[in-house]
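Down below are the structures I want you to see.
Both complexes shown next keep chain A, but they swap its partner, so chain B is in the first and chain C is in the second.
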Partner chain A sequence: MTKTPTSVFRQRFSRRRFLGTTLAGMGAALTTGLPKVGLADAKTVRLGMNIPMTGDYAPWGLPGLYGCEIVAANINAAGGVKIGNDTYMIEMASYDHGYDTEKSVQGFKKLVLEDDVKMVMMLGGSTVASIIPWAMRKKMLTTTLLPSDITPDTEYLVATCESHPLYNVTGVEWLADKFPEAKTAAIITTNDIEYGKQSAATYNAAFEVAGIDVVDVNFHGFDVADFAPIVSSLLSKKPDVFCMATDVYTTPIIEQLFHQGFKGKIVSCTCDGYLDVIAKTSKEFVEGLTFQFPDFDDPALTPDKADFPDPAGFDAAFNKDHAGEWSAVAWEYPSILLNWIEAAQAAGSIEPEPVLSAMKANSSPAHTFGPGKWWGADLWGLDNAVVGNWPVVAINDGKARIQEYRSVYDWLQNNAGVLKKHMQALDLRTV
Partner chain B sequence: MELFLQSVVNSFIQGGFFSLWAVGLVLVFGVMGVVNFAHGELVMVGAYSIWVLHAQYGLPYIPALCMAVLLVTTIGVLMERFLFRPKREDPLGGLINSLGVLFILQVAAHVVGGTGPAKQVAPPFSGTFVIEEFLRVPYQRLFAVAVSVAALGLLWFFLTRTRLGWSLRAMAQDREAAALQGININRTSMIAIGVSGALAGLAGALMAPMTSIHPHMGHNVIITAFIVTIVGGIGSLSGAVLAAVLYAFLHTFVTAYISGTVATMSGLLIMVLVLIVKPTGIMGKRVSE
Partner chain C sequence: MGANKLTHVAGTAALLIALVILPGHLKYHHQDFIIFLTINVLVVVSYRLMTLTGEWSLIHIVMMGVGAYTSALLSKNLGVSVWLSIPLAGVSAGAVAALLSFPLFRMTQFYFLIGSFAVGEAIRLAWVYFVYPFGGSSGINTIPSPELFTIDFMEPIPYFYLVLAVVTLCLLILHRIENSRIGLTLHAVHWKSPLAESVGVNAWKYRTLAFIIASIFVGVAGALKVHYLGNVTPHQFGVGTMVFVLIWVIVGGYNTFYGPILGAIVLSILDEAFRAFEAIRPAIYGVLLIAAIMFMPRGLESVPGWFRERLFRKTAE
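And now, the complex of A and B:
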């Protein structure tokens, strides 16, 4: 069988292989009590996180730092990571920009100039837009969770993990397959361009492709104290599916659905706090609630489906030290960290440019839920986002469980035009 | 019709909260002449108290609610004694001090609750009161409205039927004249902010099981309270209650039939119009220099 460059790459630099070795090494070191080989000679590579750790957006920043610290500690305990001829310890350097654009620029410059980081991980949106000119001039490898930040000019900006909100198409596709009786949907979302409208456009497209008619879309601000009037208004349109396109207010919205007697299907982008939702409603009411982000103790996160080392162990470690602080970014930033290690090993260098080149040279890059593809030119002008499979999660008997993995890439290959149409309808930037 | 009736119910419930938010602000401004920008954060402390005492430590809801009211009342009293009293002759100083308290309380909430997702409290009164399947009110909201109305009734009784209440009203009308009549300014100010704090704590404690609790939840409260206070007439308690109910109806109906963003804009627009056309508000009185 002929080996393609990609298959050779994956064989040599598979994240699972690296982490398997790392974890085995760590286990050996811990069980034998021997001094950690090579620690004295190891160099340190710093990776930066310019994220919100305080303020309204903190839940999409700080848990990611905690997650990276867990993964970095595991790697370091096993002797570090070999890149080129050197062994490196991973050190996280962070800056709290509080989702403020000015502080974001300060933080980015501090991380690059003072801390000498080799990659900067960010959440996305306006805080990324503010650093783009300087970051691109400095050729600094930067990551975002919002691929909509990508433009034809953002060569050094990549979205290798979460492709918000493209993955939402899989939930709608699954719902339409499982519940063909669902014919109408109502969407509720925040009225911002960065998260809410992007997500609404994606859901609009997904529902159109699935043959479900969207009867109303409610864009609300971040100042809603009581969702009763909004939910009453949406329910008066009698939707079969109630869709929450952003996750900031899922709990109070679902609580209102419960009290106002909604009987249809609920689909949500995320529902990290589903236990709170159950406590406020009932296990029966949320049965079947569909969203996109699994718990990491999910038995369906098997090695052949999830390219993440020991998800259950990671979940336990996180919840032991940071109980109640879990959000999807807890595993997303670590996943990006692992992407970086894989690319750095392939490049034999820790410098941003060779690492980025190695990332982009891999036509089937590692992705949390299996190999992905570089994508984005059709929508944003540059193939700098990795899209692959994404899990569809539903509540079963009070617990979030993966129902199925579906391909975001395949959906985009067939329906990018529909998505583009809905993005343009909401005045969102496309090429 | 279903949406209309549900909106009427939603409006009364919101009106109860808006009244509680605004009356405390009006009381402190009327009696002490201080614009307490930390009022929203006092509501937030009330909500956090329920999260800590009830949701985290398992204290039953009603005792937790009482403790929340007591805690916020104490914070209010301490603010008066150590921040507002020394700046009594300097309204700007009091305002700036209240901004300081605002930030301190937000940071304290971060310290207590961490920086994770917003906190949730399961409703102690679960279930929904259903009339003919189309009109539905959660029991928790019915409880909140009942307590709000009772609290406002008690406040009315206190202000109109007790000596202390008369002192408060006298000070609100003319502080110097009240002092000349032998009213103890320090004590009366402390009672005013104590009552204001109690109402804020009560509002927060009542809201806690129905909303997402986070350190910045006070923003909404203070903006709404300002709209209601200005529309009702600065310093007028009855004006604040009337404006709260009217604003709740406007906000709820515009949200239900147009959009929430337009509802918020309309509230601010009405506030501006009132300031231009009738600066004294619905029930405020013109004061001659």
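And now, the complex of A and C:
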């Protein structure tokens, strides 16, 4: 029987199996006092990160590098990964573009031509747009966290982990199920296209599908110093749900909601700094605040739900070395790294083209929260984004905890037309 | 030709020859680096022309954006040849500068600085607000590269030579302007404005002229940049970028033609050299900047003179 790429995947690699191997390898190395397993014969494969490590966007870059270094160190300690007939150590090569398009181009070329990386991980937006012509021409496998970067011409650009902001639909769907009395919502977001408007369109669609009327949407610039008048204006419409479609100003906005006595439900795309929010408001006020990104010590990240090796161990290792620097990208880039290993093992090669082919040939690619599906042609012209389940997180007694996993893919299968309508209403690019 | 002039010509020729040879000996990403650096040289030198009148503005980088957007829209949406859209970018930036000069030059000095910032931000935010035709915050992507025979201008070395040729031509023109009667009048408007006006010099007209000329050249610089990058966004022309231009000019010195060039080159290379320090790189850059301002208040342009002076003193002793 001919082995399909999918069957090869299943035989050779699963992240849980990989975890077992890793821990066994580490244990063997520790107990026998031997040097790292197989190091003498191992080759090295470099994977690149062209990300912001300084400037305003650094929280969406640097923690990801730290996360990848932890995962790579664990893999290497266990003897590396077997790809084809060779064993490889993983090495991360990074370049700080500071969210500057010029530096992004320089960084991308440095990583590809000088560091000989086999994949480049990026955040997304204009820094991806500036490298696209060259990257596609050189057929370099590139990843983004913003699937809206995908166009019909970006064959080598994939979004295999975060599909910002599609996952937001799960939070609204869950809220509507749990709190059917919520009938109206107000949305606040930044006025940029990459993050703010994409997210607003997604929330608009999710609320429409959930039967919740959006009574007002505020698009504000990045230079707002005082959110009091904006929040007052939105609260004057008496929404049952207050929705923050992007996270940049989560803390000052929730502070305003607290001071202005908001009693309804709060939904946010992310809330990485929720401990700060609690410190500035109260534990009682943020109780039930719903968002989309779990802490990795969450007990609900069980092996049957989360395809990520030892999430709690990863969380502990990260916070030991980089306390206070956690953000969602801390686990997202490592997750992409694991996607790459999976595809490289299936391809039996580390070269970008066969790895991409293996990735795309897998109709049920691994995703952080369970198997996913390739999607995106309906919206951006190419099925190069992986969507699957995504957790709905809420704050319970001062701690972010996963409430439930819901399927982004199922929602999109049923409601892609609604999403497209709202994207077009905000002049966002769709096919 | 005097000996001094001959030295200058020989020095410039040697520098140009070195620049022609240089890219083949650089790492790949440094080839990109010198493309952007060469474009930035045109940005700072054109800015200095503006400062000759004594007016410092915060709109210069936005005028670069006007050129960049013009060339991007003409070449991508209207199919205009890039070879034509680049000079038209300069014309467009100059025309916008001419229009803006009416409100802006009702102010001088600090008020002009603030006014130029406000107008610049208004233009930049218009690029964010109007998704059509400017593409909003994500700007315009897949902007075409120039085409000429079989030359591949997406590769850095051919594009560097194009940029080098255009920037060299622009610098020659700017140098000629500064050393012409117009340039002398610009100096007069700065240092002896009442005296110049008393002999019939229209200071407003010359300030406007300097603003328009500076904008034309920085518009060309913007066009050169976007046809290599392939995209243009409002983010590229924010006040943060303008602050870098000011730093380059101030640290380099603005009393000579080459001062800002030195500033742009030295500081950009330092920034690149400290890349290995990752997150603490801005702090190192800041410390160096403070040290440069403290110990070289007249800018990097004073360093050759300082060396010359020491050499002559030693020879005399």
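Note that in this section the second predicted complex is superposed on the first by the 422 of 431 C-alpha atoms of A that agree within 3 Å, B and C clash if a C-alpha of one lies under 4 Å from a C-alpha of the other, contacts with A are read in each partner's own complex, and residues count from 1 in each chain.
Going forward, a contact is a pair of C-beta atoms (placed from the backbone, for glycine too) under 8 Å apart; a residue touches a chain by one contact, two chains touch by 3 or more.
Not measured: the values here are computed from a predicted model.
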(request) State whether A:289 touches chain B only (first), chain C only (second), both chains, or neither. (result) neither
(request) Give one of first, second, both or neither to describe whether A:53 is in contact with chain B, with chain C, with both, or with none. (result) both
(message) On the A-aligned overlay, A:336 touches which partner chain: chain B = first, chain C = second, or both, or neither?
(response) neither
(request) With the two complexes superposed on chain A, say which partner A:259 touches: chain B (first), chain C (second), both, or neither. (result) first
(message) Going by the contact rule set out at the top, does A:134 touch chain B (first), chain C (second), both, or neither?
(response) second
(request) With the two complexes superposed on chain A, say which partner A:221 touches: chain B (first), chain C (second), both, or neither. (result) both
(message) Quick one: is A:393 in contact with chain B, with chain C, with both, or with neither? Answer first, second, both or neither.
(response) neither
(message) So in the superposed three-chain picture, is A:185 touching just chain B, just chain C, both, or none of them (first/second/both/neither)?
(response) neither
(request) Please work out whether A:105 is in contact with chain B alone, chain C alone, both, or neither, and reply first, second, both or neither. (result) second
(message) After overlaying the two complexes on chain A, where does the chain B footprint on chain A coincide with the chain C footprint?
(response) 53-55, 58, 62, 191, 221
(message) Show me the residue ranges of chain A that touch chain B in the complex, using the header's touch definition.
(response) 53-56, 58-59, 62-63, 191, 218-221, 223-226, 228-230, 232-233, 236, 249, 251-252, 255, 258-261, 272-273, 276-277, 279-280, 322, 324-327
(message) Help me check something: in the complex, which residues belonging to chain A touch chain C?
(response) 53-55, 58, 62, 94-96, 99-102, 105-107, 109-110, 113-114, 125-126, 129-130, 132-134, 137, 153, 191-194, 197, 221, 427
(message) Can you tell me which positions in chain B touch chain A when the two form their complex?
(response) 2-3, 6-7, 10, 13-14, 17, 110, 114-118, 120, 122-123, 128, 130, 133, 136-138, 209-212, 214, 216, 219-221, 223-224, 251-253, 255-257, 259-261, 264
(request) Show which residues of chain C lie in contact with chain A when the two form their complex. (result) 27-29, 32-33, 36, 125, 128-129, 131-132, 135-139, 141-142, 154, 156, 225, 228-231, 233, 235-236, 275, 278-279, 281-282
